[in-house]
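Both of the next two complexes hold chain A, though its partner changes from chain B to chain C.
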Partner chain A sequence: MKLAHASIALKGIIKRELWRFLKQRERFVAALVRPLVWLFVFAAGFRSTLGIAIIPPYETYILYEVYIAAGLIGMIQLFNGMQSSLSMVYDREMGSMKTLLVSPLPRWFLLMGKLLAGTSVSILQAYVFLVVAWFYDIEAPWLGYVTLFPALVLAGLMLGALGMLLSSFIKQLENFAGVMNFVIFPMFFMSTALYPLWKIKESSELLHTLASYNPFSQAVELIRFALYGQFNLHAFVYTLAAFVVFMAVAVWGYNPSKGMMVKKGGGPS
Partner chain B sequence: MSKVYIALLLAAFSTSIFADKLYITLEKDNALAVVDGETGKLLKTVPLGQRPRGIAFSKDQSMLYVAASDDDTIQILDAETLKVVGELPSGEDPELFKIHPNGRLLYVSNEDDNIVTVIDLQTKTALTEIAVGVEPEGIAISRDGKWVVNTSETTNMVHWIDPLEQSIKDNTLVDPRPRAAEFSVDNKQLFVTSEIAGSLSRIDVATKQITGKLHFKVAGVDKELIQPVGVLAHPNNKLLFVALGPANRVAVVDSQAMKVLEYLLVGQRVWNLAFSPDLTRLYTTNGVSNDISIIDVDDLKVTKSIRVGHYPWGIAVK
Partner chain C sequence: MSHSLEVKTLSYAYGSKIALKDANFSIAPGECTILLGPNGAGKSTLFSLITHLYSSRDGQILINGFDVKKQSCDALAHLGVVFQQTTLDMDLSVLQNLHYHASLHGMTRRQATLRIEEELERQGMLERQNEKVRQLNGGHRRRVEIARALLHKPSLLLLDEPTVGLDVPSRQGIVEHVHDLCQNDNLSVLWATHLIDEIYPSDNLIVLHQGEVKAQGSVEKVCGGVTADDISQTFQRLTQAKAL
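Now for the complex of A and B:
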């Protein structure tokens, strides 16, 4: 793989993704409206729910909307990852995925390029969300907005890789609804995005265990700590490990001769 | 160059030089918690008499007075060593007390006996007892020393005591269960919190008439839980800080407009309040959650809440 060649390809992939993103402004707005509805409507009803215990990284009592903000950033990245996977299924059906995968560059590099492009979009959405949240009195320390960036990169890559992995298993575009019901919703609700672990433990030990092992929980905690200028080593290692595993399976899944493409009849004919 | 060096040195050490210490009575632990005001770190805990509540420094800050309610006494502590060096004849069940600006007289309410006891701090003797309404609670003294007021919880009155004659000169009827009182910095107004009514009354000191009233409302919090107790006036502006008890909020009030500017979320059953000496921080004692909260006064944001022991009640800052 020559550097010049690789950079041309990477530029092409990101350019295509950005062009797609710019053309679909409603997609950006929709991605922003979803967490804002949760913030303004859902969280409003639970304003004082968490005013009982202080949990790190918070140093004092917080209102529910402050707690949920990190979870909603995670939600933006989760849905963005799934959106990317949806567009990859579409690309495959339209044949443009085949065009990409037959390029002489390594498959992992091509997929990584797509992942980076999707993550960039989600980071932009997350920061726009934080600007709106700031006017709603959800303020993090200034340093937190800087330390949040690397956390968003890793969380975005992990959730994007998960989306990519799922897309390699989906046969047709119509099957995507199943992914929504069986992957995204359970992942979101069985996580620390909406309630802290101690609160989940109060209702169910099983739910608490599932939420602890949910990689989305760890991504949300990585984001939550980073937003307050702190580093959560456990969440970082867990998210990184999840990214490596998801990415490896996705690369395998997109192998035209060995992976899921063969089983779906998408391999070489 | 040397000036820059000195400035840098000063900046480096400024936090430790000007750091304030908080002295907090722990009602259930029968102890005094000492906390670093800037970092919020619990420095040490010292044993006290039974059910310690009201706390204040002597005028020269060399002594610390603590009302040990269940021992029916006010303990005198050396402010440096925190060792008990004497007692004051407070009468039964002392709770809240204040020291007159002259530094010599201490006024304490005795809830069960319906009296206010006046103590001479030099001779350590009770000078007189002033009969007031049923269940006396809050004590406030104007900064010019001309008025001492006492609130009686069941009579629902503010009693105006003339410290020259040690007798009641006037009474003002207020909303049910008046708890705490605070004079404005110019001594022209008195603010009184009423626990059951959930209100704050502003009284004109010259006429002793109520000139303004405010009922607190916190979205999502039951009306019954909004029980205003401690009240503190900022010396440099028109802001009043009111602890709302089990509503777990401190209300920031514009004392002239009698409007709430902000409700700040703190620990459970917030009771008493105190400023840091440089007025940049406000400290609150939160009885049920066993912690104190630190509020940034300029930003009006709660920055930290720290566990200090069981049932933190009174607070004095040095």
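Now for the complex of A and C:
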């Protein structure tokens, strides 16, 4: 693989994803409205009932909206990761995924390119969300907006790789809806996106264990700390490891001789 | 003579169901080969294997001498494909779709712009380059797909039933254009179809039935082999033969 070819192709894949995203205005609006509804309605309603003690990275008592903001950024990336994989299943059914896969580049590179493209879109969404949140008085230190970027890259890649892994195992679009329900909602609700771990522990030990091992929790914590200019090593290592595992299985799933396409025994579409 | 495509003892099965059995054939530069077979004959499986969407442990596929399994990037660089279903992005313009493809083949913006103009001009689609694909009719979408498949100047063009669902003038236009490409540009073509009227007397034929190559060679040779008067009769005789 030549470096010049690879960089041109990568640019092309990312550009196409951004073109598509900008052309599909409903997708842009939906991606933004979802977390904002949670912020303006859900968080506002729970503000009085949920008190958040001083926990790192926060140095003072905070409002529930401030706590939930990091979780909602994670939510944007989780939904984007799943949406990208949904579009991969759709593209595979409709055939446009074939255009990508018959390109003269290694399969892992093409999948990684697709993943980076999806992550770029999710980062764009996350920053637009933060701008709106800023007007709602959810402010992070200026440096935090910079240190957040690499965290968003890693979290976006991990959640995108999970979506890609799922898409490699799913043959038909109809099957995807069920998996979305069994993946997105449990991952989101059994995480630190909405409540801190100590709060979850108060209500259920089992839920606390599940939330601690949930890779989405770690991604949210990575984002939360990065937004306040801090580095959470545990969350970083956990998220990175989850990304490597998910990506490896996804590449295996899309391998023409070893993957699930062969195992499922289905004919070509 | 080096071949644009060589398929050697290729077999493939979905679990216990055999889709392709010991296929052998080759295509020389400038040759238009029609892959004829009824539905379920194994045409799409063969295309998936040539394009490396699937991979088989049994047999070998060489594109311009490059092994599809071991040197997939080199092999695929010489291949242009038009799939049965349209693979264009409906929400993007013709130009954006073509630029995307050019980038996947490592073409710089300048090279891509030049080639896109050439191919769209040849397809009579240059004036519609800024239109969204969704606004084009089926025939025009196919023309764009052929232009796209030729952007990187492949030596082998695969067409998987590209005229399905098109009206007669659009079909004729595509059939003529592809045959011109073989003659004038020395392009090799493998064209899967079950529409007999798309075959020219100068074409080569491969008749595939239930995963087996039943006959191959020039139209005259294949028809003569089963003492049939025309391709239609030949096709019927070969595909009514006993199953695997």
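What we mean here is this: the second predicted complex is superposed on the first by the 259 of 269 C-alpha atoms of A that agree within 3 Å, B and C clash if a C-alpha of one lies under 4 Å from a C-alpha of the other, contacts with A are read in each partner's own complex, and residues count from 1 in each chain.
Throughout what follows, a contact is a pair of C-beta atoms (placed from the backbone, for glycine too) under 8 Å apart; a residue touches a chain by one contact, two chains touch by 3 or more.
What you are looking at is a predicted structure, and each value in this text was computed from that prediction instead of being measured.
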By the touch definition at the top of the document, which applies to A:Thr60: first (chain B), second (chain C), both, or neither?
first
In the superposed model, which partner reaches more residues of chain A, chain B or chain C?
C
Report the residues of chain B in contact with chain A in the complex, numbered from low to high.
219-221, 248, 265-268, 289, 293-294, 301-305
Counting only contacts in the complex, chain A reaches chain B at residues 47-48, 51-52, 54, 59-63, 139
The residues of chain C that touch chain A in their complex are 14-15, 17, 19, 44-45, 47-48, 51-57, 69, 72-77, 79, 81, 83-89, 91-92, 96, 99-108
So in the complex, the part of chain A that touches chain C is made up of which residues?
1-2, 4-6, 8-9, 11-13, 15-16, 19-20, 23-24, 94-96, 98-106, 255-257, 261-262, 265-269
